[in-house]
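Same chain, two partners: chain A is paired with chain B first, then with chain C.
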Partner chain A sequence: MAVEILKEKYRSKVGEVVLGATKEEGGTRSHTITVGGETSLPYLHFEGETPNRPVMALEVWDTAPTEWPPFFEKFYGDVWNDPGEWAKKCVNEFGADLIQLRLAGADPDINDASPEDCTVAVKKVLEAVGVPLIVIGCGKPEKDNLIYAPVAEAAAGENLLLGVAELENYKAVNSACMANKHNIIASSPIDINICKQLNILIIEMSTAMANRIIIDPTVAALGYGAEYSFSIMERARNGALQGDKMLGMPMIGNIGSEVWRTKEAITPTEDEPGWGEQEERGILWEATTAMAYLQSGIDMLVMRHPEALKIIEKQIDDLMQDNSY
Partner chain B sequence: MIIIGERINGMYNDIGKAIKGKDPKPIQEWARRQEEGGADYLDLNVGPASPNKIEAMKWLIEVTQEASDLPLCLDSTNYDAIEEGLKLCKKPAMINSVPAEMPKMERVFPMAVQYGAEVVALAMNEEGIPKDADSRIALAAELVATADSLGFSPEMLYIDPLTLPCNVAQDHGPEVMRTLREIKLISDPSPKTVIGLSNISQGTQNRDLINRTFAVMAMANGLDAGIVDANDNELMSAIATARILLNKDIYCDSFVNVFINRNR
Partner chain C sequence: MGLTGLEIYKHLPKTNCKECGSPTCLAFAMALAAGKASLDACPYVSDEAKEALDSASAPPIKLVKVGTGDHVVDLGEETEIFRHDKRFFHPTGLAVLISDTEDVAAKVEKFEDLKFHRVGLDYVTDMVAVKCDSGDAAKFKEAVETVAGKTEKAMVLLTEDPAVMEAALDVVADRKPLLWAATADNYEKMTELAKGKECPLVLKGKDLHETAELVEKVVALGYKELVLDSGARETSKALADLTQFRRLAVRKKFRPFGYPVFAITSKDDPREEVIQAGVYLSKYADVVVMKACEKQQLLPLLSWRQNIYTDPQKPVAVEAKLNAVGDADENSPVYITTNFSLTYFLVEGEIEATRIPSWILSVDTAGTSVLTAYADNKFSAEIIAEALKKSGAEENVKRHTLILPGYVAVLKGSLEEESGGWEVMVGPREASGINKFAKEKFA
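Showing the complex of A and B:
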């Protein structure tokens, strides 16, 4: 007698968000990237579909980073004074699906770059590469709020992913996205309730933003509360699949920037010889963190080390293998 | 909880008059208002006054569907009117209702299978409404068994344990609560449960308070659906809150609005 395999039925699905715009669509990207659209828990191809492969961005800054471990110089040292060249290398040599440009130089404590300087950096990257672009501020809301509008306007038509919106500070970035038809990163501090509330507030400003939100639930590095982030993401995804539209958005995680400030990744080999060689250790820390989040259903990973990206590329290949029966 | 909006019923003066005078406006106004209030389904009942129940039901369905895309709950004891109505429904509808009486079950369940409709079934028979939980559960089991034998899945069945006004039959309250819990044990997959909410407060003072308190208690005992006043904001807020406390929805500060606007 044939055994009937019980399969979970999901009531709803994750929304799809399209990033970038080609010439026909009013932008200058060589192609667009669609994320989300899952109809089951992650990679249960026998229960539903994962129509869009998770994508990986590499980080590009508008100023040469000074606190990255020295071995990053061999990858980025020749280009990190030019965000356009840096982006080109990430795409052409390291295989990034898209670029996340962090306007770190705008930070008053770094270069205090003006909004105009920021738009120049954004344009440089747009001209240098054809992939869709993520642009985030320096992380200081009072400064970032001055940057969003000019950057959004300068890149009008490009269908950027712009961030970040937070519960206490979402209006400026949301207005910039609404006015220029960009997508928004809605960031919450490992808190499902705030995650949902922020999505509601963004959509209340404009219902057109409903399919333009990417959730950033805040990812912690392995060993620094990753399990809390994981369980929030799991809960959000379960909610989405059960029909909670206010949680039915794709998710993004800044893996690289979180991992490369843990002591496991930044402690030099000579300080802790027992921990193994630092670069290899850091790569594995970044890759392992990313792997865990793939299992939670994350749709977009922002990575830093090209070797970690390579490991995860292979992992995604495996996860996307059809296992339906 | 699935909200079935009760307002389009010929028992209400404005609706009765509208049906009689073939004036679609009040019907469509209430269809929209209930949708805005947070209804999942719209109950349609032509009321006692309509001389031609079939024609009245057909007209009611047509004008309602012009104003709202919500699925309909066809509320009549005239099964020919329901059958004619089912032919017009754009979305799979709900049949409201059938008691645990053999000829009626034999009429309703095959019709529901044919049209892909869900069914509200009453835990009562020719002898009336049972006094205690055990008799209600026995009738519920009969409904499930008969439905199953006629090819109708229990998952599509909404059993109403039937409430009586709390000032008349106070002792029924706990019996209804136990019935709600135990109906779930009858079969796997289990049938769903529904309650026509406002019956509990007939003839009492402060009806809204009684209705919403009862709704929350019934939800805690597993109630799946209610035929309710979807424009009673306090009731809808209480239901939204109960869903949070029962971990059915993920909390956020705007949880009441999110619940009310969930279908939009």
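Showing the complex of A and C:
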């Protein structure tokens, strides 16, 4: 019996955002990356387009992290004192599509690195690799607000993705992006109304920012509220497809940094023998978290463990296979 | 379900005979729509009308049970495409696959050990699948018997050969296993077997169309304890088919698809397999069969299942009380947080990581987070002090040190007063800051 396949017709689509700029475009990147543009829910190719496959960044810090589980040392230990070398390894060896540089060293409790130090780190990464770059601050707004402008200026023309803007603190980073034509990460705390409101405020400062926003809806790690983030993302994507322009941006999630502070990822095997081998457990915790967000429409994933990235790379290949009827 | 009184009225005799106890047929229809009357009360309703009303009032996806006793797994009866619209009801049955050509006893023992405790909950892998790869009925029967002897969990039997299935059912039919699979070639025999033994049956087509045809044929044979498998094995194709099953059942009330659905992984690499199973779990599969059997492989999947099958409208709360972390004693500090489980377990995890024995007082905030509870006046100095008194901390903890979440630092002064002399320290705003804080203050 013939089954009448049910295809949804959506009124709108997710906007596309271009990251990075080549020499012709005023930057120094070897290529650009376009994200977004979906015209259906995730991977339902039978009713719409996913013109740009989701991309993965690996995390690079401007200072060697001290609290990552010991097995990260075998991947990054030889390079994590030099953000340039670190980025190179992520791209050349581990296959990252792009790099997210976290200026963790700027944190007054870590190195209290100056804005000048931060621009040096950004330039090092830009010189070391040709992929587009994401740059985020240390997470302390009062310090980050001193960093955005010099970093944005030092990387003028590179079409960075810079973040993060929050409802209580978006002006400094948005101004830095506006002045130097970068893209912005708009972060909201698992709340669709704040997500929209922040986008409105950013665009109010400059309409040119409308197609330069990437939404960070806040991704919780698996087991720690991932279902809340999952549902917020599903709602946001549905809203985007139904024509809500303030939700119609690509989405990003910091998977690695969330996962690698959960008990399941950082507890050694001998402390929880009932949970299985730690590194594999952590890799699968990260990959499962990423899998879940791919199913709710994420466009950019920031990963930490190279093996988790590899698993998800393969899954993205699989999900991008045509499934039209 | 979902029928209005007027829609029901169309099917009634419209004679207003009053024999049902309602003054008019329309009043009876309204009572039916409100679930306050049963169609049986009408002596004159036609069979066609009855069937139309029955099927319209049936849930869009049938409930099918696998297994017996305490280990029954309920499949189906889902009503949503998105969990945020209401909720998902019956968690996907995760079945670990055992082949009759491997060391069956060893694998089933490993399977039995797949239970976990995390965030105050027990997670179990609830189904075991036995597959005939040997092609040998005797061998399969032996494998099935071995599995049945070592676990009480619900079983899935995988063979397309009715003779092989029959041999296995000789030993485990009373366990009500899920039988996979009836196909276009064997459905008559398989249906007869399933019907005779009252076991749920998976219908496997080559695609959605053939699956729908099979459903009609098997239903015509008088059997409805069914689970559907479109045969898709590639991740993307299976995702599409699983989506169509759910959409057509829920949105279109397409009856042939009104049954739970079955998925089986195709990846050989264990990591890829886990993640593939995750996709099926996220998108509508009611049963997922997979080879993975290691603790570190099942824990993430069971956690994700637990996550997406929670009720999104209900905040998840932990019991409000004084909890020991590590070997907390009378000299340990007392951290204060809410009883919202996400907040609580984050805080607990961070305190555990400090390896400094401590207490956590979870205050009853009706399962809301620190800031929400504070804004809602459920996390005031009075309420915290009251919870502290009720918890027995006064007597059991000599060291009177409280750590207040940084977001409600403003409560410090009033809490010192209300608690009757406890020292109140302002902790970090985020749980992630606890480690550093504790090491500075208590190490």
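Observations, loosely collected:
Here is the rule we go by: the second predicted complex is superposed on the first by the 321 of 325 C-alpha atoms of A that agree within 3 Å, B and C clash if a C-alpha of one lies under 4 Å from a C-alpha of the other, contacts with A are read in each partner's own complex, and residues count from 1 in each chain.
Just so we're on the same page, contacts are C-beta pairs under 8 Å (C-beta built on N, C-alpha and C of every residue); 3 or more make two chains touch, one makes a residue touch a chain.
Quick caveat: nothing in here was measured; it's all calculated off a predicted structure.
Once the complexes are laid over each other on chain A, chain B and chain C both fit without any clash. Once the two complexes are overlaid on the shared chain, A:Tyr43 sits against chain C while remaining clear of chain B. Of the two partners chain B and chain C, more residues of chain A are touched by C. In the superposition on chain A, A:Arg235 makes contact with both chain B and chain C. In the superposition on chain A, A:Asn193 makes contact with chain B only, while chain C stays out of contact range. When the two structures are aligned on the shared chain, A:Lys245 is found in touch with chain B, with no touch to chain C. Between chain B and chain C, an angle of 80 degrees opens at the CA centre of chain A in the superposed model, to the nearest 10.
Aligning both complexes on chain A leaves chain B and chain C separated at their closest CA atoms by 11 Å.
Put simply, chain A uses residues 235 to touch chain B in one complex and chain C in the other.
On the chain A side of its complex with chain C, the touching residues are 1-6, 43-46, 109, 220, 222-228, 230-231, 234-235, 238, 261-264, 266, 274-278, 280-281, 283-285, 287-288, 291-292, 295, 307, 311-312, 314-315, 318-323, 325. If you check the complex, the residues on chain B that touch chain A are 249-254, 257-258, 262. If you check the complex, the residues on chain A that touch chain B are 192-194, 196-197, 200-201, 235-236, 239, 243-247. Against chain A, in their complex, chain C makes its touches with residues 82-84, 116-119, 208-209, 212-213, 216, 234-237, 239-240, 243-244, 247-248, 251-252, 254, 256-257, 271-272, 274-276, 278-279, 282-283, 294-297, 299-301, 303-304, 306-308, 310, 312, 342, 345-346, 349, 352-353, 432, 436.
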